[in-house]
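Here come two complexes built around chain A, the first alongside chain B, the second alongside chain C.
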Partner chain A sequence: MKRIYVNEQWCLGCHLCEYECMYANSGLDEMFKLKGKAGKDILPRIYVEGGEKSPIHFAVNCRHCSGTACVNGCIAGALTKNDDGMVVIDKDKCVGCFTCVLLCPFGAIMPAADGKAAQKCMLCTDNIKGEPNCVKYCPNNAIVYEERE
Partner chain B sequence: MDTFIPAEYEVVRNPDLCIGCRVCERQCANGVHKYDKDLGKMIADSNKCVNCHRCVCLCPTHALKIVKSDDTYRLNANWSMQAMNEVYRQANTGGVLLSSMGNPNDYPVYFNKILVNASQVTNPPIDPLREPMETVVYLGKKDVEIKRDIQGKLVDTMTPQLKLTTPIMFSAMSYGSISYNAHASLARAAEELGIYYNTGEGGLHKDFYKYSKNTIVQVASGRFGVHEEYLNTAAAIEIKMGQGAKPGIGGHLPGAKISEDVSRTRMIPQGVDAISPAPHHDIYSIEDLRQLIYSIKEATAYKKPVIVKVAAVHNVAAIASGIARSGADIIAVDGFRGGTGAAPTRIRDNVGIPIELALAQVDQRLREEGIRDNVSILAAGSIHSSADVVKAIALGADACYIGTSALMALGCHLCRSCQTGNCNWGIATQKPELVKRLNPDIGYKRLVNMVRAWTHEIQEMMGGMGINSIEALKGNRLMLRGIGLNETELRVLGIKHAGE
Partner chain C sequence: MKYLLIGNSTAAIACIEAIRTLDKQGEITVLSKEEQFCYGRPTISYCLAGLTDREHMNYRPLDFYEKMGVSVHLGVSAESIDADKKQVKASDGKKYSYDKLLVSTGSRPFVPFAEGLDKVKNAFTFMSYDDMEALDKALSPEKEVVVIGAGLIGLKCVEGIFDRVKKVTVVDLATRVMPSVTEEESAAMIQSFLEKKGVEFVLGDCAASYTENSVTLKSGKTLSFDILVTAAGVRANTSLIADIGGKVNRGILVNTRQQTSIPDIYAAGDCTEGYDSSIGADRVLALMPNAYLQGKTAGLNMAGGDSEYKDAIPLNAVGFFGLHMLSAGVYEGEIIKVKDENKLKLLFVKDNVLKGFILINDFLRAGIYTSLVRGKTPLDGVDFDMLVEAPQLLAFPAEARAAKLSRRA
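Moving on, here comes the complex of A and B:
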């Protein structure tokens, strides 16, 4: 399965990926319309680790890992692993208990801005972009979308 | 207190488009942008801006632009604002003004006043998409003696040659003046393209020995990083006598740029300014130059061509004639528009002559003296496009060095602040957090793209002239016509005026 991988050597900590993620999942037709909404009405599903002064940064989103603690722990059956290996969340089933948020070892699942359900990266298959927007707009190829063994 | 000098450019933010993502703030090493908590919005301090366009390029909503400030002193046709500001700056600091990249002043660009011919009806044009179009160039001495052994078989007396798939090479830029990642990008691109990059005077980093087949190493007056293995690793060795951006003076790499890695590569102490002298202290004549050329040839068993690079100065043709007789295989002539990582402003802006005129004169002089085939000629110093390459070759060059345009392919926006070491594009800096902004995986592809695009265009222009081999264009000045040039300029260039 193609996954998003991070080359921390090239991550500049610019946080563009977070905004591209929010835009992709906002349903807005222009990015500038995120004004006032970003970080409030919509939250990114990818987060850049490393503070402003840190020499190292890297972006973290769902690894679609084999452990799938989130799937096993989901009390509502909202989280499943699909045939491709992608961990999928069904927002209609999610009851907002956030057990998955506690279980994820990467901190890659978080409550959505409305606080009612969890949200996670689904590789932009759940929005009109179709392919990971963070990868497409990473200025330094620090986030890549590829098949690895 | 220092006299305040108003910002030359202003950062303009469109508040309707700015979403406050702070990418501009994080990407500006000069600290122009910041999020103001009191106002709840992004603000900019234009006085710190060098106009490198990093923020403009990375702003995801294109909310930024940088405009020329309309702040003005009383208009004065004699005292330009820049001339006045330079006086204030020097009165503030007492220092020599430093600049970088090429001479930006309004001198004529002769390439833009030369037009190229095309075939019509007779000697028809050639379509490069359907017919072979040869751009391979061999650089080196061509007038070999024809010798036969006792059986009458030809003895190979060919001196070493450099083979280029296209008449373009990356010019000398040292590790130190530019970053590790910039060098990595140039080296990888040269390998993929089948051309050469040049280490400049800063030595060759151990990591790049693997690109040796596509590496030209430089021996300059500072002799930084020069040792036997360095010479023998390279495809060719260039002796740098001068540089177009600063003829007659040496180099000065500030201590801040001498990182541990740069120090090891240059074989000099860390953090101490690296100063290369104006002359080579062992070269005061063509005979001395000949000694160095043959010392290098001895050290490399006569297997490598030796290039001598000189700045285009008033008597460049006579100097080139001397070099052609000194045993050099290739002469590189660097025009006054050539780039630099740092040069005194007065030198950069006032010394040297245009490459077009120098090149035409060098080629002419060597032809007249019957020694043109002793050497190949490389033209450097602001080759803007494939059209300039074509014109330079028709004026007499074998190939061109490109430096500034190569850096632009890597992201450079010609803000001309290399000397500060704060390059936001990760090119002219040694700060790790800035160097990492240039990912060589991206950089080398952009260089390859540019040189391939230029090569296609060169082929198109050759085809139009009915020429199917770049060698047939060399010194073919009948393919050129001047436009708006006076008699003297036309005579120096050795071309006719358009319509003639």
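Moving on, here comes the complex of A and C:
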């Protein structure tokens, strides 16, 4: 399946992907409307590592990995790997125990803004964008969406 | 190939999923004492609290058995195993034959004996869907509840019922809450948070005798109640194996391939005692992720694969009324502590590895710590100061990081 991969050497650490992620999942019609909401009412599912002083940056989101530690440990059966190989969360089943946060070796699943359920990247299949918005708007090709088996 | 599974919970489901990765044809039969479709056992407390509902508690989609080609017998218990004939006698009077058998019978509540306990009318345990339904019917706003046991299950029960009754008092012989997953400071923090909520605790004390509506403790103190919940620990269901001379200690003994001491019989989940790599010895790890991985390993081996589960460690994520504690491993060695008003981070370091951790309300990306504990990663090969600040992949050397980011495992 197509997955998101990182080109660390090209990442500026601009955090644009985080905003594109929040925007894609916000349902808002204009990105600027995130103002005041970003990081508070809505949290990104992709996370850029490396602070201002760091020479290295890269963005991390769900690897849709084959170990699926999160799926294995989920106490509610809220996480599943679908037939395409994508790991999906059913937020109506999630009870917010955060066992998945404890298990994901990439730190790629996190509480949603309300703190009551987990959220994770589903490659924008769960919003109107249909394919990864973060990748689409990364100006540096620091994240790519491709098939690599 | 004929697979027979006893029990229908996490370990059994994982076993089915694993078998089907290798064997699409074999006949899989499940015997389940419980009558419900498989459900997430820990969700029973969330359901009582209204944080989930009965329609969402199914552990797998409703077409799971059909899709997996499994024949399930709900409400049917296995009564005995005949290992020579490779048959299991069940409560429906039938005999089920197998080529490979999985015992995933889980555990049952341990109810410590005390005089008069049989006189208590409204006595409950808290382990199953039926327990949840029974308790659900008994709850009402004017009632006072005593919960025996301040362990994970007891406190999750408290969270489940707290807003639906007048008062909840928790009694435990231990002097701190959740003694198996906390140390002093984390326990104190959780206890004081729950006390502020209004939960009362009587610790370092235990029930000496009961009347219909009260319990007298060893200390002489008496507590009255309308409802009594006993959550004083669990015992592994080992008798099916013990009865036929299989090796059993506090759980059914299994090797890292999940084999019992009897040929073609595997065991997985809370009923077993398996290898815990954090202590380098066998012990019962009655936890969901462990049940899944044991069940998966068993399934792969039953279906002719070759799989070992060698890196089991204790793992716990528990929350109460918005407070979250995530922990893993063992609490040995030097302690690195970061404390804030309502946050706590304790990292335990020994022999150049992270042995374990406790995180309260500061747990983002905790899985990166877990991977260090599980992998026994040498800390001199990572930027540990950076990791103490926050779990991050940046702390790994470029090569390891690249492998992590590209690798799918």
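The definition used in the following text is that the second predicted complex is superposed on the first by the 149 of 149 C-alpha atoms of A that agree within 3 Å, B and C clash if a C-alpha of one lies under 4 Å from a C-alpha of the other, contacts with A are read in each partner's own complex, and residues count from 1 in each chain.
By our rule, a residue touches a chain if its C-beta (ideal position, glycine included) is under 8 Å from a C-beta of that chain, and two chains touch if they have at least 3 such contacts.
The shown structure was predicted, so the numbers you read here are calculated from the model rather than taken from an experiment.
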{"item": "Combined model on chain A where chain B meets chain C, clash or fit", "value": "fit"}
{"item": "Which superposed partner A:Leu28 touches (first chain B, second chain C, both, neither)", "value": "neither"}
{"item": "First, second, both or neither for A:Val88, with chain B first and chain C second", "value": "neither"}
{"item": "When both partners are placed on the shared chain, which of chain B and chain C touches more of chain A", "value": "C"}
{"item": "Which of chain B and chain C A:Gly107 touches, first, second, both or neither", "value": "second"}
{"item": "Which of chain B and chain C A:Glu52 touches, first, second, both or neither", "value": "first"}
{"item": "First, second, both or neither for A:Tyr5, with chain B first and chain C second", "value": "second"}
{"item": "Shortest CA-CA distance in Å separating chain B from chain C in the superposed model", "value": "17"}
{"item": "Partner chain A, residues of chain C touching it in the complex", "value": "14, 40-43, 46, 51-52, 56-61, 288-289, 292-293, 296, 315-319, 322, 324, 326, 328, 363-368, 370-371, 391-394, 401-402, 404-409"}
{"item": "Residue ranges of chain B touching chain A (in the complex, touch as defined)", "value": "16-23, 26-27, 58, 60-61, 63, 432-433, 436-437, 439, 441-442"}
{"item": "Footprint of chain C on chain A - complex, ascending", "value": "3, 5-6, 8, 47, 49-50, 54, 56, 58, 60, 63-67, 69, 72-77, 80, 92-93, 95-107, 109-111, 115-116, 148"}
{"item": "Touching residues on chain A, where the partner in the complex is chain B", "value": "9-10, 12-16, 18-20, 23, 31-32, 34-35, 38, 52, 55, 137, 139-142"}
